[in-house]
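Just below is one structure, and these are the notes that go with it.
To keep things simple, chains are lettered A, B and C as they appear, and every chain counts its residues starting from 1.
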Amino acid sequence: MESLTINTRKRTELIDITAQVARLVEKSGIRSGVCILYVPHTTAGITINESYDPDVTEDITALLNRLVPPDRSYRHTEGNADAHIKSVLVGCSLVIPVEDHRLTLGRWQGIFFCEFDGPRTRECRVKIISDQK
Amino acid sequence: MESLTINTRKRTELIDITAQVARLVEKSGIRSGVCILYVPHTTAGITINESYDPDVTEDITALLNRLVPPDRSYRHTEGNADAHIKSVLVGCSLVIPVEDHRLTLGRWQGIFFCEFDGPRTRECRVKIISDQK
Amino acid sequence: MESLTINTRKRTELIDITAQVARLVEKSGIRSGVCILYVPHTTAGITINESYDPDVTEDITALLNRLVPPDRSYRHTEGNADAHIKSVLVGCSLVIPVEDHRLTLGRWQGIFFCEFDGPRTRECRVKIISDQK
């Protein structure tokens, strides 16, 4: 298993890690299989969406803040209850098929690490498994 | 890896693809393993829920429209920002165990392709991996 | 594939099943691979979040009830439409890497079965796959 280190800069932001993950897939030498992304944090997540127009990720974080306000209306007293809930809604684990040594991402898709309680130093674990005997 | 083509008819709808996926699992000849479903789009998703009462999927799309209104209150100017956000909330990747040549779906579960910016011609990639040596 | 039986006690609650899943990973004898968790229900889900402060799971269920009210404003007439929608938002399938015979959970992470229409007797399927040839 490999691991990416991600230094986030804002409280809430989506960071494109597609290139780093693609590099690990290439390095693995695995032709066909799956790439599992796993975020070992409870106030962060991982998702796939459009990487072309940065307004899209701005819209995603703005809407999440509207649905789950970053305020003190929660029982958890550390001031980051909203970040825990966003992590549940977005998820912390993803599986992407690998074919011909490549992630089978769609044309507009990028992989985003989702910071909901930054800035922090974060980790994304990357496990690539072959399905060839 | 196999691929399903899905022709959607409405802007927002959930389309039951259980039978098509089950057929690919059967065709693969794989007795035990996992089935990975992957949607290579940024304004669509994939989920599992009740396939018996069609009101359930109507409720799901209505509630998503309430949480993420399909209007122009977003930065992304293509008019489908809500569809990108719904894709993040629902997810574009799923893993289902395979046993005895079958998806281990629960009694009421069906697999749904989620269109959030149709009508379009869409794709769902299906990768079935054996865990037998 | 293994299976856990979970007896839920409330209509909506998150139940920590980390210890039971960890035990199955150990029992499998698999050193490196992935653990797939699959919930075969349409009004329940599976997620990972903080297991230390019980206020976190209370905040999660309270916010989900705010976003998806448990009332009769839906088309599905069984009184549990909200539970179906929560299941879609949270998800019913998870993948966690396994290394050195252990789930690679983060320090604060626990695995939670999510009951949205209890109390009921529920099931969580656990499939552990080795990536060693």
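As a working rule, a residue touches a chain if its C-beta (ideal position, glycine included) is under 8 Å from a C-beta of that chain, and two chains touch if they have at least 3 such contacts.
In UniProt terms the chains read A, B, C = YjbQ family protein.
Remember, it's a predicted structure, so these values are computed and weren't measured experimentally.
*Asks:* Report the topology of the inter-chain touch graph, choosing from line, ring, star, complete and other.
*Replies:* complete
*Asks:* Report same or different for the chain A (YjbQ family protein) and chain C (YjbQ family protein) interface, where same means the shared residue numbers exceed half of all residue numbers found there.
*Replies:* Chain A (YjbQ family protein) and chain C (YjbQ family protein) contact each other through largely non-matching residue numbers.
*Asks:* When the C-alpha atoms of chain A (YjbQ family protein) and chain C (YjbQ family protein) are each averaged to a single point, how far apart are the two points in Å?
*Replies:* Once rounded, the distance between the two centres reads 20 Å.
*Asks:* Among the residues of chain B (YjbQ family protein), which ones contact at least 2 other chains?
*Replies:* Touching at least two other chains: 67, 89, 91, 95, 133.
*Asks:* Under the definition above, what is the set of chain C (YjbQ family protein) residues touching chain B (YjbQ family protein) in their complex?
*Replies:* 1, 36, 38-42, 67-68, 74-78, 81, 84-85, 87-89, 91-93, 95, 125, 127, 129-130, 133
*Asks:* What residues on chain A (YjbQ family protein) touch chain B (YjbQ family protein), complex-wise?
*Replies:* Within the complex, chain A (YjbQ family protein) touches chain B (YjbQ family protein) at residues 32-34, 47-50, 53, 55-56, 58-60, 62-63, 67, 89-91, 94-97, 99, 104-109, 131, 133.
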